[in-house]
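Going by the order they are written in, the chains are A, B, C and D; count residues from 1 in each one.
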């Protein structure tokens, strides 16, 4: 085991203690496992709550702060959080203007957030929900329960967070969040498997010299296993897969996302190739974000997410954000 | 410790029961906690083949919490034992299995109502209602390679025996779980594997078989056959 | 090879093209291999130039921008840049107020920056230099050419950059940079070896279940090879090694730095342990930065850097910074 | 192509030279580029044992640039060939070896002055001056397990032969390089290894031996013994 951990069982609370130590601007409740903006609830503002299995950091806890999420609920590694966390988070951040749940489309997340929504609504919270399902890799499968939610989560959280910060009402925040979620598309590639603490080793076998095209953020299989490709070839495969399902030809926001263990040096090189392919396909890129944002523990690889953006989305994207993981304009 | 009330002190024979009390249900849950703890690594191993390698940890965490809750005090009725356990699973497991198993136990418990003693037939009917709720919540059908493929045959076998043969339920669950190996996943994370999911047992079906084995164990402890 | 690259020979220019695409706020000269603030030279401001081998991203190119570096010179992977780059960078950023070279203490970097300084001075640039040598791991060695420069580079670049942004003259900027460089201490631990593109595989053998205490940022060996330790034990070893040589008992700035392939989840857990140990040793922590900032390609592991900070250093640390890799307060 | 001017057309015998012209020095640099290209993987392998696995790439990049520069046109004098090559190495190599080899060639070239033909004795003296400059720049002494441990014996052997025996220089460099295996590094990245550096040949000493072999090759091409 090459893990910087104490024991697999305490990985999540250990990380939350570290977050608490590093980020006095956040309220980190280690016992209830929620990360909350220190100044929540913010009067007059719709609140955003997200969450999901741990292992994808900075998603979601690292996106809590002004201009983005009001609270995040980290589950165990690769395991959806429980409804109690979401209910506690909603209670902590609701100013009376209502709460938007941002949910990645995985059975566990959907079920747990649904239960939480019911409970929170019983307690009088006005709730809306947006489901992120941007991963084009497995739409080919006839038996998939919809597309998986991956990189677009960041776009949804940032853009809806900015709109909420402007004071927009719940319905509009939810509508815009859905617009982003429904128009964004992603495609990921793994160059190595990730290892979960509980497994203590790689989640799947990926011999050196092979890659998994269309991998999921928990190491779920994608479209095909291939012999190693160059960065340029991978960029082309990923961009073309995304463009094929992108429902608009507006200029795009581009996320060139590292899976965790791919050096930033390589990721920037990949970003250059992604831009080259997009230019060849005549897709204008309005903004680019490069880095490790929606990770899969120590998986090597990268994903590309594109979100067609009109003037309003660009304005909201550029709006100030101040979180541990994403920060500009403030 | 009580259990099957006709035979007293939890020494049920598993056969012609007149009914089961709260202590029996608590014993079931504890036996499930033991089984899940013992088999956690195997469940995770199965989940790592076709899922995300957390099912063992999920089930262990949930049932340990159930055990602790019962250690604080056993609720008065069979229904409330299962509803308490189900709520605890929902609150501690997460993932897909938390809401699904939580719903299973909560709905089964709710269907049992507030009787202090329930018959085998009542249990069989309630279990079936619980399984319906799981199917509704998760949208899965028989043959989709999920926990349902172990739960449904078990409930059917129990019902077929007039609610008497807990071991038949266990055997049916184990058979159902084993048979998921040949199925292709259509729900949950394993569904992303498509045809590649064939050849691996479904982890949730495996844990469902453990749950049914624990039921048989709770009912048949005296026979030493568990 | 599990690398997201085209061919080993073009890794650095490929990455620079990606930087150019992602960061319109920077001028990235791929041919001359320099990354420069778009608005350089900034009138009336001392300019900061740094550089070193690539493979440590975001260091240094990711730290170019208002409040930090004016230019960076990336060398080949793990290879010091050449004097031509530094001379070109100095020429591009010098407003007449002079240039500070921030140099990590490795023979190659020292020699190349020295040559560049001579050349730039010949061209009339007023130059100062600060040598970063914070790594306590190998001071035990009787034959070392001084301590290695690692995480403190970030502190030096941020703090000196803030002072320069305030308009301080070259001598004061250089003095403060040296004060930070001379009082900071680091210690790093590797849980796996890094792989360079040219080597195509791990730089050294580190069997799973072993770690290298005191590793350098190019995978250089440290103090000892040990059987795997828990996060808490590693934190204690690292913090105690640093504290033993820390020349002050002021409150500290703490950098809890990932080597590249260690998941952020683990890094936050490690951060919690670092804080615990510092609390036990009664060292107050004024600020904490957690993340992958001074990396070693795909090495798993982490390092701890502490910098004793008085009020002035804290003010400069908190001052606005706007770079791809570090950003706050603006 | 010219070379050793007494024998004409670059067909030197390596023996009793009256002198070497710019073409000979260009041939030396090209032979070095060939050797470094051929042996780059070995140099990197050596550097990966005790350094950072970049020496092969560094040397190849540098000498390819030197080769391209010479392809554009060979400077008129031996001194300017070496100074041009040295400047090119400084501009393209980076790392420790860039400034060190750059300094070696620049100082050697500078010491040769602007003569159009230089004798073996002059070359031996200039090389020695170049090596002194390397020692001064890097602060390393003999036995520190660096390129100096191959360069110095080579220059001494050349001087001992009155500047005539290029192959003796090569042999001495190769012996010196081999002997670095037993030494402990005290300079450069390998010094962090301390005692662990013992048992591995120094990559810079290995490339210095290639440089000296290239010199012998340039001088002795006609003999077919290189």
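To be clear about the criterion, a contact is a pair of C-beta atoms (placed from the backbone, for glycine too) under 8 Å apart; a residue touches a chain by one contact, two chains touch by 3 or more.
Here the structure is a predicted model, which means the values were calculated and not measured.
Number of steps on the shortest path from chain B to chain C, with steps defined by chain touch: 2.
When the partners of chain B are compared with those of chain D, no chain appears in both lists. The chain with its Cα centre farthest from the Cα centre of chain A is D. Work out the mean CA point of chain A and of chain D, and you get 55 Å between them.
The centroid of the Cα atoms in chain A and the matching centroid in chain C are 28 Å apart. Computed from the mean C-alpha positions, the centre of chain C lies at a distance of 34 Å from the centre of chain D.
Contacts with at least two other chains are made by residues 77 of chain A. Residues of chain B in contact with two or more other chains: none. By the touch rule above, chain A contacts chain B in their complex via residues 8-9, 53, 75-84, 106-108, 111-112, 114-115, 138, 141, 143-145, 148, 196, 198-199, 203-204, 216, 218-222. For chain C in complex with chain A, the touching residues are 1-7, 11-12, 14-22, 54-55, 57-58, 62, 77, 191-192, 208-209, 228, 230-232, 234, 256, 260-273, 275, 285, 288-290, 292, 295, 297-298, 300-302, 322, 324, 327-330. Only residues 44, 48, 52-54, 56-58, 61, 90-100, 137-139, 184-189, 191-194, 196 of chain D touch chain C when the two sit together in their complex.
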